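Note that the chains are named A, B, C and D in the order they appear, and that numbering of residues resets to 1 at the start of each chain.
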């Protein structure tokens, strides 16, 4: 098996939103935005996320690692260091990596029982 | 923090549609198409939207600003100057910016209670 | 207003499927796959669609026009010349145009009341 | 008809997940992730899928063919040789082909009756 390098080092998303209320059963069906990061390379990836809002300064840098040849899912809700993410607000984000990674963004909204929506999209920016 | 310039100056979408009726609670669950625009740069972005229809001339230019390092969500329903957008018709649109931005398009349809659909997509055109 | 030329001349999609049964009210909520084509140019676009299946030869060419500065939505269900599209089968398709166009693909599945799904995606292939 | 070569030879997805439970009727509405592969060329395509997980080594190579001018849908659930895919875990994958193909990824989740979600996306990686 050769050292694969799938993806890009820069990704962005602009339509993040986490509602305040939720009707789903924990933990699978609560409202959440997730970033799925695939690192196909033989090198550990260092990831930096910066979040942008409608009002106020950007938050970050949120930093974490993705091991070689592994996938990692990061719940935006769980980002607390250096700042907890607010609920009930719109946000956008950029994701940067030191090795190429594949990023997909998953929205799940269970605030209204009949309204279960999901989009999956991140923009490969470099 | 350096001056980031994520995205493109031209975006397009072709599958816009806003139904006439809606069953959702205001304001979160009404049928609406939204354009989310992320400006990661240190410069204010001037945005121009032009809408296209199946019949009749294009409408626009709709103009607005996105502040530096901020995200802005524009409801297509709320575009009234220079022309209010009609309901119950299909439309397409192009979004142009003077600095690179990241654009995502969100559809939400609550016209039929059981049918809650959402796609998120805009085409980076330059 | 200048002559805009947004998009590409070749698009493709691989995950088409139209179920046999449907529970929605006509005409808005029946199961259907739609291709939305935006022509921002000052020239009429001539579109050619070819459909591919799991078994059997490709079907087409399906031909139609999109006027200058207009959007057109084509229901795959309605393609009958030179061949009606079968229901209950998977298909893929390529969309070719003589001027650049923006294409988005919309799936709507109302075969099961609780299961209303939609994806919107076409791959810009040139 | 000329020999068309739509697409890319490398694709990737990072947000795969198959829940353990399902409420849908077999076989159309069970939870499943599907990869739709369109081969528009006159040559048979040899496909290789490798799956990545949060913990443990990658699985594969899963190999199969797509005939010339045909589309094929592969259920991730059905991949058993060389290893059956586990349920209830997140995964990512890369799809490689020896001729250009168009790949779309379809998620369908019927684990909770009211929550039927679908995204369709694969990242063209070469």
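Please note the rule applied: contacts are C-beta pairs under 8 Å (C-beta built on N, C-alpha and C of every residue); 3 or more make two chains touch, one makes a residue touch a chain.
Since this is a predicted model, take the numbers as computed values, not measurements.
Homomeric contact chain B/chain C is classed as different-residue, with under half of its interface positions used by both copies. When the CA atoms of chain A are superposed on chain B, the rotation angle comes to 90 degrees, reported as a multiple of 5. Averaged C-alpha coordinates give centres for chain B and chain C that are 22 Å from one another. Mean C-alpha positions place chain A and chain C at a centre distance of 31 Å. Counting partner chains per residue, chain A shows two or more touched chains at residues 114, 116-121. Because contacts link each chain to exactly two others and close back on themselves, their graph is best described as a ring. Chain A makes touch with chain D in their complex at residues 1, 4, 6-7, 24-25, 28-29, 34, 36-38, 40, 69-73, 101-104, 106, 108, 110, 113-114, 116-121, 124. Across the complex, chain C is touched by residues 10, 12-15, 19, 52-55, 57-58, 90-92, 94, 107, 111-112, 114-121, 123, 125 of chain B.
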